[in-house]
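Two complexes follow with subunit A in common, the first pairing it with subunit B and the second with subunit C.
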Partner chain A sequence: MSPAKRDVLVCIGLAIVLALVPLVIGTRYIITQMTLFFIWAIVVTQWNLVLGVAGIFSLAQMALFAVGAYATAMLAYYFAIPVIVAMPAAALITVAASLVIGAACLRLRGPYVALLTLAIAQVIYLVVVNDTACFTNPPSGCLPLFGGVRGFSRFGDLGFRALLGSKFYVAHYYVGLSLAVLAVMFSIAIIRGPLGLAFKALRDNPGYAMSRGISKFKYQLWVFGLSAFFTGLAGAFYAAQFGVVGPIVFSIAMLLFLLSMIVVGGMGTIWGPLLGAALLMLADEGMREVGDWRDIGLGLVLAVFVILLPKGLAGVRLRRAKAGL
Partner chain B sequence: MTAAREPLLSCKGVSKFFGALAAVNNLSFDVYPGDVLGIGGPNGAGKTTLFEVISGLNQATSGSVIFQGRDISMLPPETVCHAGIARTFQLNASFESLSVRDNVRVAAYFGRENRAYPGLKVGPDVEEQTTAALEAVGLAGKDHLIAGELPVLDRKLLMLAGAIATKPRLLLMDEPVGGLSPREIDHMMDAVRRIAQGGVTIVLIEHVMRFLVQLSTRVLIMHHGESIYEGPPQGLAKDRTVIDVYLGEGASERLGKLMEAGQS
Partner chain C sequence: MDVLVQIIASGLTLGAMYAISTIGLALVYGSLNMLNMAHGALLALGGYVCLYAMTVLGFPAVAGVAMAMAVCGIAGLLIYHLAARPMLASRNFETQIFIATIGIGAVLENVILRVFGPQPVAQPLKVDGAVIIGSVYVPNQNILILGVAVLLMAVVAFVLNRTRMGRAIRATAQNRDAAQLMGIRIGKVYAQVLMISGALAAVSGIMISSLSGLLPNMGGDPMLKAFVICVVAGLGNVYGAVAAAIVLGLLESLIQYVFGVQYSFAILLMLVIAVLIWRPAGLFGRTQVVRM
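And then the complex of A and B:
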């Protein structure tokens, strides 16, 4: 069986198991947390394409996630577009934003890409929170163009509340699951296909890759564009799921939380980021009661992995398989 | 051989300056289809810089590089590759984390033509070409090894396999046998001969004179970015300038004997 086929089968198997979960577990909290897991799973599988597969140290992914969330909220709020229509539109806006960021990073390498992308994310954040001029004046009070520190709320939802009443969160669970399955399939197609080859070749040795016919310009834009679509869509779904979009999506803590998922799971692998997302969400959950120690605990988990398992959880599996052969 | 035939590659007054240093200085030469042109010369003579200029990784300061009648001096490396020039590197370049097969697959898929939209799958024609290139250099059966873990000879052969997988008309080889043992040199010599017989024109840089003179139909010796000798390999050991700046008396005597032994 080819590796691509094996990955697709694993993905389908996981999807079936996860689809059965709400039939067994009725706790709203668990279902909602798993929906959040799907959102983070989408973001880390797509971020991994840039970071792990193409080896471009971009920290812009959470800003792109925010673009998707904000675009959905703003389209729905200002233009009264149904959220379900605003979501794909927001994903396309995110792709456009990502292409601009990718082009800006073309001539940079290594840590300079990280610096520039972090700076871009911070600039967007500052523009959002420092804009205090009232753009509209709804009954709830002055609202700046980008929502200011308060952000957007009451911009509509996917319509499941009206349809299913208090059980709407189960529908959101399935929407999240479907999007996550699509995003994982998308990343399998890229990593196992010719595009993945081009990205990895440019990562390993850009000069050599170019002299074997791979345009750095073209494929860097491809990876930024492709990885942004589902990231934007995840942001859009986040907006629909929580009904609120505020500047918290730009927070460094959130960025590091997701970055840690990729590092812990294994950069550049198909299943690593997903494993990392599951493990870190469980760890985070386990430390929920210990307040401020939560961040320190996450830091410790990250440190242990960087020192003992630099290739992440997926790296362990690979090393075992090799030793077995 | 008629005098009217067109050169495949033609360098016209090519110069490359790094600040005040002329790494390549007003160099002109032609390479005809079927040639194996050997380039020699002391370290720092500008041989590798010349390759950088031809392959588009570093653009010439002045002069032009004409390939099949088309000026390629300003083209980026990927377009030069698509035009039909493949190159190997002095340092063992590879995609270290990829398998041997993926290394060649990349070249076979992306190296032949510009792909406007990359597909979802590597087609059977590309797979066939990949297998053929691996067999041509003697790496068949090592498909699944990781490139970064290969021994030196295999890495050099892998680089060569990648180059020929792009189906080049012209192959530039930068020190293909540097650091290899005599037996490994023979292996590489066979591989290069087979590629030349397959209709690929070759320009190679090499310090190992045995390799250079036995493979080349013509030799160019560079010094300070200029050509100091261009002609048949047989004339090398007798050329005063070449002996003085490059070979030295001892090496030129040994080379002379090697040439005589080869002719008898």
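And then the complex of A and C:
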């Protein structure tokens, strides 16, 4: 069986198992947390494509996620567009934003890209937070154009609440699951497909690859733009799921959390980031008891994994498989 | 006229503060190709150690600064031995050390948060009074900062240009392999560079906190600014970094005057993005011709 076929089958198998979960577990908290897991799974698989496959050291991924979330909230809030329509529109806006960022950054070398994308993320954050002029005056008080420190709320939802009543979170679970499956399928298509092959060639022998007409900039821009679609969609779904979008989506702690998922799981692999997302969310749940130490724990996990296990948990498995042969 | 004097006075102070922390980053990048994302946490650490030494231990100001420099220098050394050294040989060193130092910075910042609490504290090292130029009020604190910064820059320039250690650092930055073949222990150079960078971060942190107060996450913005300055100058270019720091400090105080404080950083960053699109290797950076 070809690796691509195997990965697709694993993905379908996992999707079927996960689709059965709400029939067995009725606890709302668990179902909601798993919905959040799907959102993070989408973000880390797409970020992994940028970071691990295309080798673009971009830290703007959370800013793109935020663009998706904010675009959904703002379209729904200001223009009264139904959230279900605003979500794909927000994903397209995110792609446009990513192409602008990509055009500015991708001609630069590794560390410059990291710094510039971090700076761009920071600019967006500062513009959102520092804007205090009232754009509208809803009954809840002054609201700046980008929501200011408070952010947006009450911009509508996906409509499942009216349809299903108190069980609406189960519908959100399935929406999240289907989006995550699409995102993982897309990641398999990139990694196992021609784009992944092009990047493998560029990594193994850049001179030969370029002389065969593989343009690094062009392919990087493709991956950057395409992965932004699902990242924006994840942001849009985040907005729909929680009904609130605030500047917390820009926070360094959140960036750290998601970056740790990729690093712990294994950068550049298909299943590593998903494994990392699941493990870190479980660990986070465990650390809830010791709340204050959570950020210290996260920082330590990140540093220790990069230093001792730079290929992540997926790397350990690969090495063992090779030793067995 | 008065406005101009005011803008220049505050701009030079800002520029001097940025320059001190930027030199450290530029030195580290120049010799190790390492972007130290824990630098912001080191700034905060320096500020808090000085506070601790002066208020709890009752040290005089000079001893407080010395202690802060020593502690941050040791922290830099630890970062080298625990994080940078194990992965130096790795192919993705630049990416890995970047991520590792993000983690270390988060740990350090949160430890400071645990120990000293989240409330802002005033930095005890502060001089009162002011000099009046025309009708402009220039606080002595700003003049002290400027003086210390110039002194430190002179010391760093002396060390780099006139000492054996400085020559080794410059040689390593120019060509790591050639330096190693000439018998320079590059491991020692790396350790020295990270210690110097840590000590400079301590001074910079004390300066910044004496103007804006101490907070565990106070290092974030200055670090980003220092990186921005490094990038504008061309990563690893120490003298370019000093020039860029002062220009950006002046520019920032001008923007603050014209557009208001809340937009200064955003406008500054947009200018930098424009510079990088125009000159991808920075203003003073040499364009590297990479041969396959």
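Assume the second predicted complex is superposed on the first by the 316 of 325 C-alpha atoms of A that agree within 3 Å, B and C clash if a C-alpha of one lies under 4 Å from a C-alpha of the other, contacts with A are read in each partner's own complex, and residues count from 1 in each chain.
As a working rule, a contact is a pair of C-beta atoms (placed from the backbone, for glycine too) under 8 Å apart; a residue touches a chain by one contact, two chains touch by 3 or more.
Keep in mind the model is a prediction, meaning the values are calculated, not measured.
Peer 1: Looking at the overlay, does A:310 come into contact with subunit B only (first), subunit C only (second), both, or neither?
Peer 2: A:310 sits against subunit C, while subunit B stays out of touch.
Peer 1: Regarding the shared-chain residue A:96, is it in contact with subunit B (first), subunit C (second), both, or neither?
Peer 2: In the superposition, A:96 touches no partner, neither subunit B nor subunit C.
Peer 1: If you stack the two complexes on chain A, which partner ends up touching A:222: first (subunit B), second (subunit C), both, or neither?
Peer 2: A:222 sits against subunit B, while subunit C stays out of touch.
Peer 1: Which chain, subunit B or subunit C, is in touch with more residues of subunit A?
Peer 2: C
Peer 1: Kindly classify A:80 by the partners it touches after superposition: subunit B alone (first), subunit C alone (second), both, or neither?
Peer 2: Neither partner.
Peer 1: Examine A:210 and indicate which partner it touches, taking first as subunit B and second as subunit C; both and neither are also allowed.
Peer 2: A:210 contacts both subunit B and subunit C.
Peer 1: In the superposed arrangement, which partner chain does A:263 touch: subunit B (first), subunit C (second), both, or neither?
Peer 2: second
Peer 1: Taking the superposition on A as described, I'd like to know which of subunit B and subunit C A:120 touches: first, second, both or neither.
Peer 2: In the superposition, A:120 touches subunit C alone.
Peer 1: Once the structures are superposed on A, label A:194 by its partner contacts, choosing first (subunit B), second (subunit C), both or neither.
Peer 2: It touches subunit B, and subunit C stays clear.
Peer 1: Would you please give the residues of subunit A that touch subunit B in one complex and also touch subunit C in the other complex?
Peer 2: Correct list for subunit A: 207, 210.
Peer 1: Which part of subunit B faces subunit A closely enough to touch in the complex?
Peer 2: 55-57, 76-78, 80-82, 86-87, 89, 93-98, 102, 105-107, 109-115, 118-122, 162, 166
Peer 1: Of all residues in subunit A, which touch subunit B in the complex?
Peer 2: 189, 193-195, 197-198, 200-201, 204-205, 207-215, 222
Peer 1: Going by the contact rule set out above, which residues of subunit C touch subunit A in the complex?
Peer 2: 29, 33, 35, 82-83, 86-87, 90, 92, 94-107, 110-111, 114, 220, 224, 227-228, 231, 235, 262-263, 265-266, 269-270, 272-273, 276-277, 280, 292
Peer 1: Quick one: in the complex, what on subunit A touches subunit C?
Peer 2: Counting only subunit A, the residues touching subunit C are 57, 104, 107-112, 114-116, 118-120, 122-123, 126-127, 130, 132, 206-207, 210, 252-253, 256, 259-260, 263, 292-293, 295-296, 298-304, 306-308, 310.
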